[in-house]
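Once you've had a glance at the structure underneath, I'll fire off some questions.
A, B, C, D and E label the chains in the order they appear, each numbered from 1.
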Amino acid sequence: MAFAIQFVIDVLSLGGAYALMALGLVIIYGILRLVNFAYGELIMVAGYTMFLTSGSGLPWIIMAVLAVVMAIVFGIITDYAAFRPVRAKSVTAVLITSFAFSNLLQNAALLFISPRPRNVPLPEIFSETVSIGGAITPVRNLITIAASIVLLAAVAFLMRKTTLGIAMRAAATNFTMARMLGVPANLIISSAFALSGFLAGVVGILWIGRIGTVVPGVGMEPLLIAFIATVIGGMRSLPGAVVGGFLLALIDTTLNYSLSQDLLKFRDAFTFSLVIVILLWRPEGLIKGPASGQRT
Amino acid sequence: MKHAYLTALILIAVILIIGVGSQLLGIRLYDRIATNLLISLVLVVGLQTFMGNSGLLSFAHIGFMGLGAYTSAVLTIPAQMKGMALPDLYDFMKVVEVSPLVAMLAAGILAAVVAAVVAYPLMRLSDAASVITSFALLVVLYTIMNNWSAFTNGPRTLFGLPKTTDMPIAAIVAAIVVVVALLFKESRTGKLLRASREDEVAAAALGANIPHLRWRAFILAAFIAGIGGALWGHFITSFAPKAFYLKETFLIVTMLVIGGANTVTGAVAGTVLITIAYEGLRSTEGAINATSFGAGQVIGLTEIVLALAMIAVMILKPGGLFPNREIGHIITRARRKKETTA
Amino acid sequence: MSETRLAVNDVSVEFTGLRALDHVSLSVSTGEVVGLIGPNGSGKTTLINAITGQVKLATGTIMAGDTRLSGLSPREIALQGISRSFQIVRLFNTMTVLENVEAAALAKGASLAVAAERAKGLLSELGLTAKADELGESLSYGDKRRVEIARALAAEPRFLLLDEPAAGMNDAETETLLHTLSELPKKRGLGLLIIDHDMGLIMRLCHRLHVLASGRTIAEGDAAHVRSHPAVIEAYLGKGAAHA
Amino acid sequence: MLDVSDLSVSYGTIRAVRGISFTLGKGELVSLLGANGAGKSSTLKCIAGALKASGGSITLGGKDITSASPEQVVRAGLATVPETRDVFPDLTVAENLMLGAYIHRRDQAGNRQNLERLHTLFPRLAERSHQPAGTLSGGEQQMLVIARALMSRPTVLLLDEPSLGLAPAIVERIFEMIETLKKSGLTILLVEQNVNQALAVADRAYVMRLGTVVTSGTPDEIRATSDLSAHYLGG
Amino acid sequence: DDKIVIGGALSMTGIQAPLDTPGYNGAQVAVKYLNDNGGVLGKQIEFINIDGKSDPVTVGNVAVELIDKGAQVIVAPCDFDFGSPASREAQSAGLVGISTCASDPLYSSWSLGDKQFTLSMWNTTMGATAADFAFKEKGWKTAYVVTDQFIAYTKSLSKYFVEQFKADGGEVILEDTYTNGDNNFSAQLARLQALGKKPDVIFVSSYGTDIGVIIRALREVGYDAPILGGDAYDDPAMHQALGEKFGNDVYFVTHTWMGAGADPEMEKFIGLYKDMFGKDPDTSFVSTGWDTIMMIAQAITAAGSTDGAAVAKALEDGQFKLLTGELDYGTNEEGHVPNKAAALIELKGGKPTFVGWRKPETLPKP
């Protein structure tokens, strides 16, 4: 019984974090059709903000808010620096600039902060544990689960119940036309980046809370996870990203619990092969996004 | 067709200049940089054969390079070294020791075979799905290299490869690869593939078998990557799987895209340009570090400047320096124009 | 060359909740020009897509001579000698005009030399020789349309399907196009199926007309017959055309 | 209502529009004619704010909109139907129309009413409400673009070749609609290849050639100008 | 030539940086000290370091560049995987190469050549010291061992610990693996929990930030047995990350203690270091940098030249009194085995404290 509870909590807390990561990416990737390689660096920015403010004596919650704000700011900067100037040009150009921007931020952290891991302040509650039905679990995991549910609902509301979602897709597919209908396309696209940055900031706090330190390359893993989750779940659908996140957590946790030691080393190979298989079977991912308007 | 010969001639001349020039200077470091550049050239031009002609971004290229490097390593590390360098190697392979040239060919072939087997189903995909599957393929290849201790010594540094790659060998291989890439581009497969790059639906409506065309290009690219990997392995002589991952992928994709993915000229130009920029920046960084003695080290400046340059190039010339036409083509056109106006 | 027939028998095509083609039958013989007209959204483009294998059939068969096309992939159908143009021009933008045309011949299995030869011939026939070395994207709209036709012809098709080739052309350009197209069937022994909303062009070019409305055939026959057909006036031409 | 004076537009070194001037009175329907490449579409795009003017000025209802952004122009009451069928292919017909009413997104009731009116004008769009716009037939897309522009309830409408690719019967309907719109007080600037039909509905017309206005006047005056076809055909 | 050039390929960036950067700083203190006191053989010393970026390929390239710039001795990064490419280039150029603190026995003249050395004890000593301390001193009978498959160092450290621990009579209840960068320790935890037994001691051989991650994960779910490890634990950032709450009952074997009681010379060094950097050194890797330079200086003085063969001979023959303990190299045939003692440190409330010097009586075979 304790084992089962442990398993469920592991899946849910990991899945919640994964789903948030994926959601932040799918807003850019699924809706704007831009692959944002610099997404992981927003998480890094949140981490470094926490580190830089840690000596200030501010209450932790203020530092956390500042971290999220900085992630939002850098999300918007990403738009200005890497996307806006090349958006109209070519898909490859966009890909390369975002890759370059990611490199830029990482190396700026190396240059201006330090190549070495830096500690981030964590509230007392992050290192406390509770026992649920015999399974000992860090409270942090429960916070992750709660945060993911709240934020998923909030984003779903924003995209479903307001014209924002439609306006984002319109601005992304035909920028000038969107403006000619009165849609403030630049603002809309920047707001998508801001939203993505917001999610990255929250994920950053939760994710870095697991590790306790921040290094320039800290965003790499969340980026990969977000990528896979998005692909599995459906590249163009918000619920898809969420489903993909939880599914990936389920797969990872199951493999963790069941794979023998020798095979476990190849876990990533299994996971990614699965990604390839899913894409071959359903190039759109498990959950189809809104129908596409391609025709001959 | 005539301009293709001219292009080949010019590009081979560039390779010669790099090679001979680095020797004339007589500085060992330049020799090393030049050799490195020529090896990168092999890889970037190899990537161009697939990416340029099919228009699909491929992240897996470096993975095949790694495959080649490890294959050649296992085949050439002296038997008495293997106990130390590859402690977990399968027994029957411990006695194998072939000449690096044979091993290089084997590396290319193995990479091509692996590519042929794993890539066929992937070639149906386009756009984002294909970018991400190739990304996934890179991670799979990397994970395997990182964990298959018997063959690669796991994440640890593999050493003991005989140092057989020098500047002339690299130059010869680079020249051959450039010619192969140009021939492939003008071949029937190449032309049809380029048509599919521009418009998949229209190309299919003409009767082009797109997945099959892509598959052929992918195998060729993997073959070249395998050769390039072996070449590199015998130059560097010790390396770990990390050498075949994102950073390097980024570098060769950057070289190709800045030069212009659609042309072999672009691949060559991008490689030369980025290598020079990279080395120049690195030595500047070194110089800065030497002066600010004791003060904070300047780290990552090279990458920052390079990233900024890349963003700038993408904004100004999104198709790269040679977006559509090979150098030979540009020259013949310019000459013809002058004749007609004169 | 013996005469062959492209026969569309009882074809239906369905999209989610919509029958875009409803038991349509039509045929084109080599040497013949057939016009396909009908209101917007009546299924004309869909019919061409059905013939070239881009959409699945719900009912019916499509034959070219004795070969069954329905069920084959677009590629296999192209290899059977069916070429098409698209409602929106689809050139290979960053390839030269010559390469654009060569590609079509290569896809049909011609050798590099033969393809180059054939492409040059076609370019001079369509008055595009001077543009041979230009990139597809740099051409004017009319030239693009002509390259598309040259490309379709380079595959040496038995049947050529053109979707609104005159759209966006001015009267002078349309006139040249009419001239080029009207020579094709005799000279190359091919069958031509053409969609356009320019009635001037259609009426003068086509031997026979086929009219669709809401996915169904509403009239068939020569220009005079169709022009005065009440259902066609009602659904397509409009009252204005009747007394024009 | 709309005043364009000495307007110039350039693409790099190419000067597409070279100092043209014209005016539209309130409720007037003015037609802009000319051969391919004369600069008609460039003029329209510039008025709509999608292109920067390299010289001259544009005023709309007394307000200077020369360097206004497209969003501001729409808010000022001007809607554009561009010549390329710029539907958002992945969005459904209904979503496309909804975006047309972006500037009135708070006024749900008004939008619904407007939508109903447009649905009666283009019943095909009502049938296809939930279809992705990219899968519409060519003509259906053209209808959608027109309807979408009308969703913003403009006072001035710019139409760039609205009859392109439409069946003759539909073209007739479109021109009937244009007349209806005009009667309801809308100011319309119409670019057409279809000279006769354009002149049939227009109050006044301007003929452009190589970026300049060469003739202007009432339809009868234009028809009387002998070299109309020469200008029109680019001769 | 009026100066002696020492080239360094130490990594200022990447996972190796926490170990190499302090070494670099220590080396700079030594260079300044030597130059202020008349240099070596009457010549000034110039120390040029180029960032090896924690990447074996870059390190190799950097070494070639340094040799090109006239380096006469090469200082290699503090690890076999990251450092050996520099030594290999040094060897092929006929120069002496010394790693500041690579401890895998692969860092030997057997695999790298007759002019290559490491300043550190080998993992045979480090692993055996930990095992003896656990079994003989503390009486911990059962151990749980986690090995990061990352590099030769992490693998062999566990290997020698296990060999010695078993030879002492201890029992290893579970040996598990982990791969650096996984950031997820739940699989290993699940296997440990499935065992149903609690070990007396936990030996974790990992690298970089992951050590902290693993320790936290273990502590959070209630494994409070003492944790034992090697010199990769000697990183103040890791101590800080564990903090007061988790930084207890953690022991590690390292090169020296940066405070009173380790070495009589230490105070002088700390003073010099403070003059240069304005703060106290916080890890023993600082000493390895100082020691490397000071030892090179002694060897060059003894050899009377910077010739590779002569310096290598001087190193083989010499006896060196260093901040990191007395060092006496084995011959070329013995692989240049470094005979050296190890320092034991305990973390209390996130702060390191010195336990003492240890030197095992017997060592496992490399």
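By our rule, a residue touches a chain if its C-beta (ideal position, glycine included) is under 8 Å from a C-beta of that chain, and two chains touch if they have at least 3 such contacts.
Please read these numbers as outputs of a predicted model, since none were measured by experiment.
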Problem set entry | Connectivity without subunit C (remaining chains kept where they are) | one piece
Exercise. Counting only C-alpha atoms to place each centre, which chain is farthest from subunit A?
Worked result: C
Seminar exercise, completed: Relative to subunit B, the most remote chain by C-alpha centroid is chain D
Problem set entry | Pair of chains whose C-beta contact count is the highest in the structure | A-B
Exercise. Where the CA atoms of subunit A average out and where those of subunit E average out, how many Å apart are those spots?
Worked result: 37
Exercise. Roughly how far is subunit C from subunit E, going centre to centre by Cα mean, in whole Å?
Worked result: 76
For this session: Could you please state the distance in Å, as a whole number, between where the Cα atoms of subunit B are centred and where those of subunit C are centred?
Result: 44
For this session: Would you please write down the residue numbers of subunit E that are in contact with two or more other chains?
Result: 12-13, 149, 179
Exercise. For subunit D, which residues are shared contacts with two or more other chains?
Worked result: 135
Seminar exercise, completed: Residue ranges of subunit A touching at least 2 other chains are 110, 115, 265, 296
Problem set entry | Residues of subunit B that touch subunit C when the two form their complex | 1, 186-188, 191-192, 194-195, 197-199, 201-209, 262, 319, 323-324, 333
Seminar exercise, completed: Counting only contacts in the complex, subunit C reaches subunit B at residues 52, 54, 73-76, 78-79, 83-84, 86, 90-95, 99-100, 102-104, 106-108, 111-112, 115-116, 133, 135-136, 151, 155
Problem set entry | subunit D residues touching subunit C - in the complex, by the definition given at the top | 35-36, 124, 131, 135-140, 142-143, 164-173, 193, 232-235
Seminar exercise, completed: Within the complex, subunit B is touched by subunit E residues 12-13, 28, 48-51, 55-57, 60-61, 64-65, 67-68, 80-82, 84-85, 88, 106, 110-111, 149-152, 155, 179-180, 276-277
Problem set entry | subunit A to subunit B touching residues, read off their complex | 29, 33, 35, 81-82, 85-86, 89-93, 95-97, 99-101, 103-104, 106-108, 110-111, 115, 220, 224, 227-228, 231, 235, 265-266, 268-269, 272-273, 275-276, 279-280, 283-284, 296
